[in-house]
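Down below are the structures I want you to see.
Next, two complexes with chain A in common: one pairs it with chain B, the other with chain C.
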Partner chain A sequence: MRVPGDPAAAVLLCGEIRTCLLQTGRSLPASAARDLLRLRAGERVRVSERPNLHVVSPDLLTGVDCRLPTGTGARIRAVGTVTARAVLTEGRVLQATARFGCPGGGPDTRRPWGSYLVRPGVVEPLGRLPVRAVADGVLADVRRPGELDLGAVAERLLGEVQRHPLLDQRVPFKSRRTRLRWAALRAPDGEGPSLGRFTLAEDGLRTVELRLPEGTDPAACASLCEDLALHDWLLTTLVRLVERSRLGSADGHEAVMALRPAVDHLLHLWMPRARVDTTLAPLWEVLEREPGFTRQWGTLVQRIRDQLALQAIPLLREALTAR
Partner chain B sequence: MIVFAASDKGGTGRSVTSANLAYRRALAGDDVCYLDFDFGSPTAAAVFDVPGAVRGVAEGGLHSHLQGRNTEPVRIDVWAETEHEVLRHRPAGAGSLVLLPGDRSGGEFTVGREALRRCVDLFLRLNGEFDVVVVDLSAGRSYAIDLALEATSRPEMRSVPARWLVYHRWTRQHVIAAAGLVFGGRGIVAGGVARGHDEERLRGAIRFVRAAVPDPESPLWSQVPPAQSAWMRKCDQDLEVLAADLDIGYTRLLGSVPLEPVLQWREQLITDEDVLASRIANQETLQALEELAERLTGDEPWGQP
Partner chain C sequence: MTDAVFRETAAEHRTQSLPLSHLSLEVGHLYMEDFEAGPERLREHFTLVRPWVDAVRAAAPAGSGKRPRISTCFLVDDYFSRFSTPAELVPMLLAEAERCGLTIDYLARESACAVADGVQLAESVEHRLVESPPPGSDGSRPPVKEIGWLANGERTPGVERLEAMANDLPSWRPPTETAARRHSVFMDVELWDDREQRRTWSCPFLAAVWQLARLGLLRHNGEAVLVPRPAPEGSFPRDWDDLAPLTRLNPAAQPFAAYRTCSVLPSRFLPVEHAVRVILGQVEVDPRALHQVAERSGREGVPVPEAVADRVAHVFYAGG
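Right after this comes the complex of A and B.
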């Protein structure tokens, strides 16, 4: 999606994001985070400290020549490169994103490798691209052998980071990683960006379907989806921590102790749209209305704080009578 | 914490006892994951009574994950998918209980660098998600044991607590075989040291579990003639001496599981229901399993302050 009317412009953007807790006891400060994500020597790591600490690795390219996943089972061979990057938020939550853009069609035979390399993050089909079928295939749960698997690229990158000697593997609480798959189709001419659907499956898989105007920067789309994935993971993880603490049924003190990691490591991370391109920000509004991410987060946080306050009352009384 | 379950011989109840320990830990509130690394014959799913995976899954299991054929190994939520009457109702306060089955047509494979990397990544990932990760290794000195030793020797795994359970029956042959599996020339300790493990540390992380132990004091044997009773006691004592001589005596013992028909024949999880309501299992067995599960994650039985 570069110059409007460009025949090589992508008509479909696809990606997969894996989000998890960084496997270390304490969140990493900016300097350590920079070292962690310097995945290739000589390439720049982007660090931004406002409004929160956000560190982005250089883009890594993976060459591919394989079939695209399709909802119909059609065999579409495609050649090009997949872009992957790792993102660390507040030195605590790690994400790996793998993505590619696809033009509407390409020559029927494979071109010399050099002509693919000059367009990083573009995977070109041999022949015409059945956009709908490929979008469905990318969002589907299963991958057939031999199909392009963005999850594998993201997973490999995540593994590389999590194995880093800077990390002590002593996580402050147990949590599950989530997978978010997205497919962005082109919006009809003259229309703004829109969110088709956002689904949550049982096993930590989320799918997002978007429509974006021609010319939207693929990196901006990736940032939006990373932001969605991050907040979905935060919410999922906090819900689970509250559930496991048995707040409301267990002994109040025990519940509060079980919730401590949330207070120490999660509550300050909520900051939707912190790095979302202004043209794409309205998509967040849709999710805020339904299902209402921030509303649910706010309620959970309030519940935790109320419990903490309740637990503090007897302590206060003790302190007063002891005087 | 990662718990490796090994045994020298088959028929030690390694899978069924380990599965019971996983179940007990989950009941106690831990998030537990059970990995079927018995590459030759993955059968752990049968113990959890999960349909469709009883002899391993057709595709997408652990073997093919380690060989790079699938990114996401199949995960089975035991509480949700079991056909076991009692297990289907997850008790309040229980942790998750997840099974990662093997592939039906698995078989052993050699450990290459890529398989090792995937194995380390898998362990690190599961350690970040679960309190207890039980890895059921095949019987005997297998590739699965090599892989486990190799993976845990990696620097990135150093701060992930790893414990080894070695199961054996309470017979002369089994005691000798279990000691050989651990301390022999090609044993776990030697194999670990060759891969860079610290010998003292590795030895300290290994405990033995005696399975199918007939208890001479049990009411079951209270009616036998005095001569037989005395003979049983003598055998038991001789075995204790042998075990101590081979350095698998009390200090290295995590616990014993009594001879129990339900474990032997049904090869399934023993629920409180089996003991209290239908009474097909013995109270002693349940107690032994509970105690083992507690000692499994405790620090004191492992010589840690």
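Right after this comes the complex of A and C.
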């Protein structure tokens, strides 16, 4: 449903997602996940159980009045609200998303605050918006002081959820959090959505540039990017687990023990496009062809299973000879 | 996604829609001391209110030439002090209103703005406060929570900060109103206090909840709150707690909630209502409720002002 305040007229949608392992020994069941993400009294936490457990917190707003990041260094003041939400997948992987949409222009002076509040998630520039420069600024890896800090909003929300008393703060294995930033510009009239760039930087920052048709729901765009960020995190984390296990060189038993958390906590989480809007699903296909996310995941999973099977053979032999 | 084959209702947004009048007209907001002063005080109040009520009715827009749907309401304070019983007070109130030619459609208890039918209304509105950001807010500072105050601008820096800056700044800086027209009218509103482990909401905060309820913009998990109940058959109860949070006194009344509100109040309420405006300007209401009201009012040809605070009007009459 389209609601007022949806930046239907937005010419630029931007966001940042932080993805990490939930700080708890065992993954949370649906009812506990609901309690964890009840960030606001009186508002529903959305719970979906098919095809996997996916829990979404209410949206929280943060008021901003500051400069937008720009690639050119141009100083563009903007006022409005950044919307943030937390998402928990299979009670195990936590994501915090902060995002906003920008219309092409706004009045030259700040309006009464109540007018911004009826457009949640819209940050309005004072004057004209240099779309390309702001998209570049959002995706850049450096941020100048005083510029809108989406990462800080996402990080604060992530921290708030991770400190919840429901969590025992014991993680089953070490992993790093990843950051994914996106900027979606408007696709030329008559053209469908497209994925411009997906960049992996060494420091855990991923950037995605998209083109979306006018009127695309900003929440659908956020869901797509959350899905990309989740699967990128899964892949990154599994690659590191396999690396650390020194599979192929170490003692077989040790490698199996090192890989066990992957079997217990990660392998069942791979489910690309589970909740991506049908109009945006084709964007995933692009990544499946090049670099081939699912292909890489499949290969890793097969390697782990082969190793487990190899380790099982001597055990089987022992069992048979002991008879 | 609604045309999909498979749906999960727990995964969807849901916001119940409400019946809506054109105008919710408040004809009184009285405290126990007003009742204590006897029926004469009520008579005096309604006599002063009556001409303004007529004027507000005459000015109410209905759209497309029809008669506007107007409901009247009256708020009794049972939160800050308690006096007498509904069985004694309500008939007196109704008799005095009728004597002045006024009909009270709905009667609300002020405590219902804090908790109604087990739902913490005030708390859920507090969770929806999004403070107006002073220039320079880039999202990196956490929102100021848990202090129980809300301002329409930037406060004077605290003593510790002033000491830290003592070398290069004068010792005092004035507060500033964020949307000031050159000169500031700064207001800082106390929302609640906690004493003896009990939170007491302030009168302006409850009044802001009251305005949001009258504007049809409050929900609890997407469901309607403060749903009116018919007046009890026979006499009114002997305890305020036994009276419904919101009672429909007039069975033929138009809906309680409305596109706009107007409150006719004595002028001593001016500071409270200014505070209400400061609060309403910083509450993010359920966007789907907002959409329902905007869409229906637009269809009826009486579109509501965009900002919630601008849907609220007051008439202040002289006197205590």
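Convention: the second predicted complex is superposed on the first by the 315 of 323 C-alpha atoms of A that agree within 3 Å, B and C clash if a C-alpha of one lies under 4 Å from a C-alpha of the other, contacts with A are read in each partner's own complex, and residues count from 1 in each chain.
The criterion applied here is as follows: a contact is a pair of C-beta atoms (placed from the backbone, for glycine too) under 8 Å apart; a residue touches a chain by one contact, two chains touch by 3 or more.
Note that this is a predicted model, so its numbers are computed, not measured.
Aligning the two structures on chain A places chain B and chain C next to each other without any clash. Contacts of A:Ala152 after superposition on the shared chain: both chain B and chain C are touched. Contact with chain C, but none with chain B, is seen for A:Ala41 once the two complexes are overlaid on the shared chain. Contact with chain C, but none with chain B, is seen for A:Arg110 once the two complexes are overlaid on the shared chain.
After overlaying the two complexes on the shared chain, residue contacts for A:Gly63 are found with chain C alone; chain B is out of touch.
Applying the stated contact rule after C-alpha superposition, one finds that A:Glu49 touches chain C and leaves chain B untouched.
Between the Cα centres of chain B and chain C, as seen from that of chain A, there is an angle of 100°, stated in steps of 10. Touch criterion not met for A:Leu224: it reaches neither chain B nor chain C.
When chain A is checked against chain B and against chain C, the one touching more of its residues turns out to be C.
Taking all C-alpha atoms of chain B against all those of chain C in the superposed arrangement, the shortest distance found is 7 Å. Residue overlap on chain A between the chain B contacts of one complex and the chain C contacts of the other covers 149, 152. On the side of chain A, the complex with chain C involves touching residues 1, 3-5, 40-44, 46-50, 54, 56, 61-67, 77, 79, 81-82, 98, 110, 112-115, 117-118, 120, 146-150, 152-153, 156, 277.
Across the interface of their complex, chain A is touched by residues 31, 69-72, 75, 92-93, 95, 117, 120-121, 124-125, 127-131, 155-157, 159-160 of chain B. Those residues of chain C that touch chain A in the complex are listed here as 1-2, 6, 8, 10-14, 119-121, 123-124, 127-128, 130-140, 142-143, 178-179, 219-222, 280-284, 286-288, 290-291, 294, 306-310.
Residues of chain A that touch chain B in their complex: 20-21, 23, 143, 145, 149, 151-152, 155, 159, 162-165, 167-171, 174-177, 203, 244, 246, 249-250.
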